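In the two assemblies presented below, chain A is common to both, partnered first by chain B and then by chain C.
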Partner chain A sequence: MSKRIFIAQPLRATLMLLLCLALAVVAATGGSYWLRLASTAAMYVVLASSWNIVGGFTGYPSFATAAFFGLGAYVAAIAQTRGLPMAASWVAAGLFTAACAFALGLALLRLKGHYFAVGSLVVAEVLREIMAAGGTLTGGGMGLNLPLLSMAPQAIGRLYLAAFAVLAVASVLLSWAVLRSRFGAGLACIEQNEDAAVMLGVNTTLYKSAALALSALLAGLAGAVYANWINYIDPGDVFNVLLSVKPIVMALLGGIGTLTGPVIGAVGLVGLEEIVTRSFLDLTGVVLGLAVVALVLFLPHGVNGLAFMGRSLKGRQP
Partner chain B sequence: MALAQVLLNGLLLGGIYACIGAGFSIVWGVVNIINILHGSFIVLGAYGAFFAHQHLGLHPFMAMLPLAGLGYLLGQGLQRHLIRHVMAAKVLVTLTLTFGLNLLLNNLMIYAFSADFRKVVLPNQEPLVLAGLTLPMDRLLSMLAAAGVVLATHLLVTRTMLGRSIVAVRMDPQAATLMGVDVDRTFAITFGLGTALAIVAGAILSPIFPISPTAADSYLGKAFIVCVLGGLGSLPGVLAGGIVLGLVESLGAFYLGPDHSLTLSFGLLLLFLLLRPQGLLGRKGFE
Partner chain C sequence: MSQHLLQLQGVSLSFGGLKALDNVSFTVRPGEIIGLIGPNGAGKTTLVNACTGVHRPSKGRIVFEGMAIQGLPAWRVAHLGMARTFQIVQPFPRMSVLDNVAAAALFGGGIRNMREAREFAAAQLDFVGLEDQAGKPAATLSLAHRKRLELAKSLALKPRLVWLDEVNAGLSSADLDNTLSVIRRIAARGITIVMIEHLMKVVLGVSTRILVLKNGALIADGEPAQVISDPAVVEAYLGAHYTQDGERIHG
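Take a look at the complex of A and B:
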């Protein structure tokens, strides 16, 4: 099991090091364009890793990433309009989102397959409507403005890139810790066969909810930082269904249930999107759709599939 | 009196919602695919009716049949050439595939038709006034057409050999294979049928709702709710789910304001998923 997770480990480790190096170079010398791009990539590394804990390790097809992201963004924004300092509001947003996700998980994770997928998808819709109808507290459909930092634009860009980068590294480390722990073994058990996991004495309800809470903690933190980074949030933006789907596509691309897969997938997809947007702005959605369809049909195991193909071509069965 | 009018509006809306959910329910129930494309198919049907009306002068209800034929071919081709390859894969994979296809179709429609709102403008009809209640003619006709389509589909599924094979595959694909049903073919036919129903629903609501690619998500949301409320793959269930949704939305808008009616219906969906996933008329173990 663990051998398959860490397949092609030296290659992936090198790739991770190169990504960190690129991040450091951008943070030190990049202009605002590169700062923005690197921040976006780091944010999606967080979201894809966050999704991977529920969707990959536990095997539940969650579409709730946008719900947690948006909830985190709103909690941070509301806390700051009430005078809480930025960093404290981020922590509050992460913890609050995780607590909500844990409670939600107790109910929602009893569902399986399509029903769970639809239920998790609807959570974001409900939250969106609640925030849009929330009056002065949430700013309703008009959204909320966040306080601007009084620093040079470049310095602000670096600050948020640093925040996203710390979150990205933390989410990979957290995933690593989960994979190596007894908790992670329980999740893997649930992913393989939940009934068998129950018989082996795994407290599946607790484990699944804890996985959802952990995932929500990361997504909520990312949403909170995003709110400050963009300075303005509205319900349609932070609860956008694409925020639920893109992390899944990224994990599919890099390899579901692996440690480095979400990282590679996130950087790959953000890069691809950027190239497409720069060349043909009108067709961004079309090309993204084509990429998703091609990925699912031709590369169902992500880039890992390429590694498997290469190995079997050489006559060594994995 | 105001309450009676609200209930009547809810019933009219409910019939149309049933038609929106019918194709989605049959595809989910039989082929076991959540078809994220459904909302965009409805919008596609509405555009079909719009252009048939604009260029050929056809009434949307007349354009319904040829459009349904085209929709059937489109859906059947999609299932046969693309979706068939991931039938054995996990929920996540099939969902992501239809999501990608939806992204593709929806953005192509925005590119081709722009996101502007359009509407099929029919000659003005006097509303029917009955015992002090106002019945808008356009809504009434659309509701009747929608109920007719759901009824016809119900008859097709329960009274024909084709329908029997669809029901057999839905109950147990393996056993159906042993009984000589071509499961792959039935899946393709069912997906074609579901697509045709979505296209027809689009044509039916083109005279009453604005047409734009951006409306696709809201139709998809309604289809989800109707389907879960009524019970998967059951056409009487779709009718019940549609009417309940129509009533809940009308009453919610009346008592709580239009802002909250959508929250209410999504809340209802979550409640049903958790407490009664087989829906109002579905049978347990069929979900």
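Take a look at the complex of A and C:
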């Protein structure tokens, strides 16, 4: 519907292909450092795309990504301690998280703007408390250990990278499908003017909740794979507020509401984190914070907006 | 089909202690162009909101094409064939003008295919005279054009009844004539119109019937000439001062 995608199509497509190629090279030849880095980047792509569906396409600034991520991780972990196979537990985690998000959305998405942001922030905190008080089911504050795979460490690393990579590609394809669909058009209407959307016949309650459910599906799946990847989860780790903040930063970095923005932002943030953490370990938070401020001030449309700016400076051509 | 397109039976709506609509009853027959007038705060827009599902009436029945619609959500009412324009225009600012209208066709209009929705939207833009603005973002339109965009959007819902909430407010007289001709052509398409309007020239020039609201209650319902000379209406609407001076009303 709307002209959200700024960078020229061939450039974007080439960039995405290069990233896929880099991912494949790392998966085939990389050592454990590169495997970890690539897995993190792919997981971030999933989280940023997840946030983008509700925060970008729908215009609801969600801080609930950590809630869905953590819920997915816990559902997968609990399912596996009860004997469910790993892959089945991931699917169950994704679906359960999406269903919870849909129900939650019916209530929470009545709030708008800052009110919604604060409301969504609380969800992860509540879930964190519940899991910490969950006794033997959730392992309480001690967390849960997940079964180890009996494979060589490198092979395990490759397996999880592959899982995250599949999720990342699926996230982008899902976002693409949403953008092209009637559903996506409805979300765009909600994002730009919700009152008008209602009057034109958009079932906004349903659409917003469905968007939150899709977002939660991706975040829940990412959390489930993460639980197995790290082998151990505890409430403080998987409900960490940074898991809600970073996806927003990534979407900002790449371009909110665009298809490729979350991908560019995720890869960018992983790179930035590596450089910053290596050079100024004590100042990581400060530098990342300054980066966010600079982004909002100077690049409101993200990296994707750069090409757009260049074009509009040259002249007002469509 | 009954001869009533829309029927309100004792509709009341309160906001806390304030009675915004007080036992309002009237019927709208197919093909009418009804002028809904009344002083500021009389409840005209609230009446539109009650009928289109934005507010739920606290009492009474609203029947549209034989179906009770009070309490239905607004998006459902849009699918049933009742459209409205907003007094304060409500475009999707960063979408093209064409896509603004296509969105209406895609949802309330029931055209589920994007390409067909755009084609239908283009025809509506033609109808209101905005075809040369189709590719622009809606935010760049002038007020007069935005008002016509509202009209095109409501037409894309394929309505049988449209509420026009002050589509003429703030327009220059050239734009006014333009909008008036569009309103007449909407009526000619067989779409029933209820228009909220402050400009008496418009109300008397277009309406086949006039409803007058005062403090949430309907105080008159009838032919324009008859309503406008009703002393109660003149007093409510213009103040007792004008009751002896029919000419000033037309000015």
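FYI, the second predicted complex is superposed on the first by the 309 of 318 C-alpha atoms of A that agree within 3 Å, B and C clash if a C-alpha of one lies under 4 Å from a C-alpha of the other, contacts with A are read in each partner's own complex, and residues count from 1 in each chain.
Everything that follows uses one rule, which is that a residue touches a chain if its C-beta (ideal position, glycine included) is under 8 Å from a C-beta of that chain, and two chains touch if they have at least 3 such contacts.
Fair warning: this is a prediction, and the values are worked out from it, not measured in the lab.
Three-chain overlay on chain A, with chain B and chain C fitting side by side and no clash. With both structures placed on the common chain, the touch criterion links A:Pro85 to neither chain B nor chain C. Once the two structures are overlaid, the count of chain A residues touched is higher for B than for its counterpart among chain B and chain C.
By the touch criterion defined above, A:Cys189 reaches chain C but does not reach chain B.
In the superposed pair of complexes, A:Ala133 makes contact with chain B only, with no contact to chain C. When the shared chain is aligned, no partner comes close enough to touch A:Pro10: not chain B, not chain C. Across the overlaid complexes, the C-alpha centre of chain A sees chain B and chain C at an angle of 80°, to the nearest 10.
Superposed on chain A, the gap between chain B and chain C at their nearest CA atoms measures out to 11 angstrom in whole units. Taken together, the two structures place no residue of chain A in contact with chain B in one case and with chain C in the other.
Across the complex, chain B meets chain A through its residues 28, 32, 34, 82, 85-86, 89-93, 95-97, 99-108, 110-111, 217, 221, 224, 228, 259-260, 262-263, 266-267, 269-270, 273-274, 277, 287. Residues 55, 61, 63, 107-108, 110-111, 113-115, 117-119, 121-123, 125-126, 129-130, 132-133, 241, 245, 248-249, 252, 256, 282-286, 288-293, 295-297, 300 of chain A are the ones touching chain B in the complex. If you check the complex, the residues on chain C that touch chain A are 52, 54, 73-76, 78-79, 83-84, 86, 90-96, 99, 102-104, 106-109, 112, 114, 135, 153, 156-157. Residues of chain A touching chain C in their complex: 1-3, 182, 185-186, 188-189, 192-193, 195-205, 318.
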